[in-house]
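Each structure below is given as structure tokens.
Two complexes are shown next, each including subunit A; its partner changes from subunit B in the first to subunit C in the second.
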Partner chain A sequence: MPVKTISGDTWRVGCHGNGPATGPVVIVRSQEDLGKVKEGDILVANQTDVNYTAQMLLAAAVVTVEGGRYSHAATFSRENGITCLIGAVGAMDELKDGDIVTVDTSDRTIKVESEEEE
Partner chain B sequence: MPPLQTLTQRFDDRFTALERRLGIETIVSAIDTLPPGIVETAIKRYQGVIRGNPWYFPTLQDVDLEQFIVRWISVHENYFAVAEEVMALLLSGNGSLSVLCDPRLLARVIESETMRGWVGKRSPSGLDALLENRVDELDALLTPLGPDADTVFEFGGVYTGDPTRVSAENEIVTLFTRYHTEVGQPLTVDMLRTQPNATALRLLRGFCRYSVSQFNGKYDDLSARLHTPRPQSNDMSGLVNDLVAKLDNNTRQRVLLLLEEVKALNLLNLNYEVKYSFKGWAGLMHILVIVACSDTTGIQSDVYAMRARLENGE
Partner chain C sequence: MKSPIVGMGELSQAAPALGNKVKNLAVLAGAGVRVPRGFGITFDVYTETTSGLLPAMHRAREVSSTSSDLAKRLHDIVVSAPFSQTEAVMEGLDVHVPGASYFAVRSSGAPVINGSVAAEDSAALSLAGQYESYLLVPKENVPQAILWCYASLFAERSLDRFKVLGDGSYLGSRMSVLVQEMFVADLCAVVMTRDPVEGGDNFGMEVSYGACEALVSGMVQGDLYLLSRTSGALLTAELGSKTSRIDHEPLVSAAADNKIVTPLSEEQRACYAATQGLITEIYRLGMHIERIFGSTQDIELVVADGEIVVTQSRPITATN
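The block that comes next holds the complex of A and B.
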């Protein structure tokens, strides 16, 4: 059973991908954090730009707070079959590095399977 | 959309002419000897300036998309011309930014940035405004399709199955994959001098702001992924047409027209703006002038105050 499920009206747009993806969260607040992203991580950011390209390809899923169905993150994820949730308001605050989560685009949720201890 | 068909060629021609005039080695050497961190932080600093100033846009607001694209190209050709001027000055000063601290040059940059902003994200007549306007209308027209409206938006609003009309991110991966096959080693100035690789040049111009170190950083970051097969983009227009066919004839015609316009706006937003606007080389040249004036005046981002202080010789 997940520890908690983050979902609701604020999760505005679900972007299609390859189905649910599970992995550890990496919060990317600026380009300096991009080096933290490893293969299979769940990349969580306010938004992405071209500098995030390599890390998006490494990630099991991409979650962004800002953007819509035609944002850079949504479009690149769609082109490459990356699981992606856009408009995940609160994700940067509610998730932290190391939390194990499942991102599911079918019901537009992020299930926190286990939380990293503070 | 006719004006889009010549856009890439027009800017490629300008880049080629610039390289012929100044020399590719000279350009990349000038960029890679800029003060440390300036290329890496340029976009963030530029965004601070964009958000930290009022911009006095022309009052004309576009509705017709074709006219807007013509204007977008014209604005960015002027933006490119100002960037060329800045580059020539930078070279004349042996790379010192102080040569860019000039109130007349700053005035030109403010004017050029105002026009760029006019067709940009934050303008009432810019890309996002035009896109939102069309998406709102589509939202209403597609209501009868229920949940299938999402599919129409998702695949009908972007080009699918056309490898030349993809996001900037996708183009970067494609070009680096090609470079990896053709060359397979980090880029050096010497390689540009002796046998310039056409793919490397495209990457340097569009995505690395003529910085060889940026090029090699991106190449290194992507290297682990360049052997992995990536999904092919399938042409989804058949699926979209099947869904839109469920609408009445008038609505269908309007929806198809709006989707074509949304595609064109998305291509501008997600690809061309990255290469030719403030995030690219031309944008770097603009922010260098603002950085030089900021350093001299001690004013962080207020471009009008910078200009006034420089004009008054304070």
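The block that comes next holds the complex of A and C.
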């Protein structure tokens, strides 16, 4: 059972990718944080742009707080088959680096499987 | 060299000398769809401007150890290139876009990757946002902005993405440039004539206030509408966050960020940006454009002074 499940009214599907994706959260607040992203991570950012593409390709899923169905994050994810949720208001506040989560586009939720110790 | 400046009306015939972005708008103009007035500057102008610089560019690659280092060197080389077409460009502005004071100057790159040329916004490779566009450029700065577009071929992100430190063939990349009359957008929309996310037979559009950049960059979430492709009936409307809008101030230097971000009021955010009438009009226009190209399209448009102006149309690159 997940520790908690988060979602919201503005949460939308950017790309279903290969279905639900599980991995450790990495919060990217600015381009300086991009170096933290490793293969299989869940990349969580306010928004993405072309400078994020190398790290998006490493990620198991991409979650953005802002942005809509046809934003860069959604379009790039779709072109590369990456599971992607956009408009995920609250995701940056509710999650922290190292939390193991499952990004599920079928019900537009993030399920926190285990939380990283503070 | 054939004429370096190709007006919208003549563009379709000149397509190989220009990028897909330019060609698609020209096709629309030819079919009577409202697009900004403008002209293209052929790949040949790029070649003429930069061919003398190639030895210096190759040397820069040999002595650079990082993409960032190489990006700086190449930028300096390209922006200081002697540009022989200034007069032709200024004349083009008068002939093709009489009366306009501000312009959008957009890149259409043809990168060379591992020795072969890739076309921008082809179905195979998305270069959306890869190269720079400059908006609200005053008339006198248009020639300079063309060089900024050229230099954006060698921005760090492209040198990284295409691994240029290990592949010198990229330095043979070329660029055509589109110069358009600038419209100040009241509303913007990104339209997918077949929504690619859910795979159904739906027509999708995202609508918000101000310039399209806010939607494309993901800075805001627009209102989302899904319609039946066959009947145009509205199936779903979801209110977006629409937290702010992007406008521009006149651009005077490539380094200056001329974006103005204005927060939107609670009232603007709480109501849908588009009327039912506008949604229907965009649906009809989108399907019309799809028929013109014979394939589903990813379209950017603005509403300025109550009129819809199409600023970009390209094939939808991939479906879920």
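Keep this in mind: the second predicted complex is superposed on the first by the 112 of 118 C-alpha atoms of A that agree within 3 Å, B and C clash if a C-alpha of one lies under 4 Å from a C-alpha of the other, contacts with A are read in each partner's own complex, and residues count from 1 in each chain.
In this text, a contact is a pair of C-beta atoms (placed from the backbone, for glycine too) under 8 Å apart; a residue touches a chain by one contact, two chains touch by 3 or more.
All values reported here derive from a predicted model rather than from experimental measurement.
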First (subunit B), second (subunit C), both or neither touched by A:Tyr70: both
Partner chain(s) touched by A:Gln31 [first = subunit B, second = subunit C, both, neither]: first
First, second, both or neither for A:Arg78, with subunit B first and subunit C second: both
Partner chain in contact with A:Gly87 - subunit B first, subunit C second, else both or neither: second
Residue contacts with subunit A in the superposition, subunit B compared against subunit C: C
Touching partner for A:Asp49 - first (subunit B), second (subunit C), both, neither: both
Touching partner for A:Leu57 - first (subunit B), second (subunit C), both, neither: first
Shared subunit A contacts, counted only where both subunit B and subunit C touch the same residue: 15-16, 49-50, 53-54, 69-70, 72, 75-76, 78-79
Interfacial residue positions of subunit B with respect to subunit A in the complex: 40, 43-44, 131, 153-154, 157-158, 166-170, 172-173, 207, 218, 221-222, 224-225, 228, 230-231, 233, 262, 266, 269-270, 274, 279
Complex contacts: residues of subunit C adjacent to subunit A: 126, 128-130, 157, 160-161, 190, 192, 195-198, 204, 206, 215-222, 224, 238, 240-241, 243, 298, 317-320
List of subunit A residues in touch with subunit C within their complex: 10, 12-16, 47-51, 53-54, 64, 66-76, 78-79, 86-87, 89
Of all residues in subunit A, those that touch subunit B in their complex: 15-16, 30-31, 39, 49-50, 52-58, 69-70, 72, 75-76, 78-81
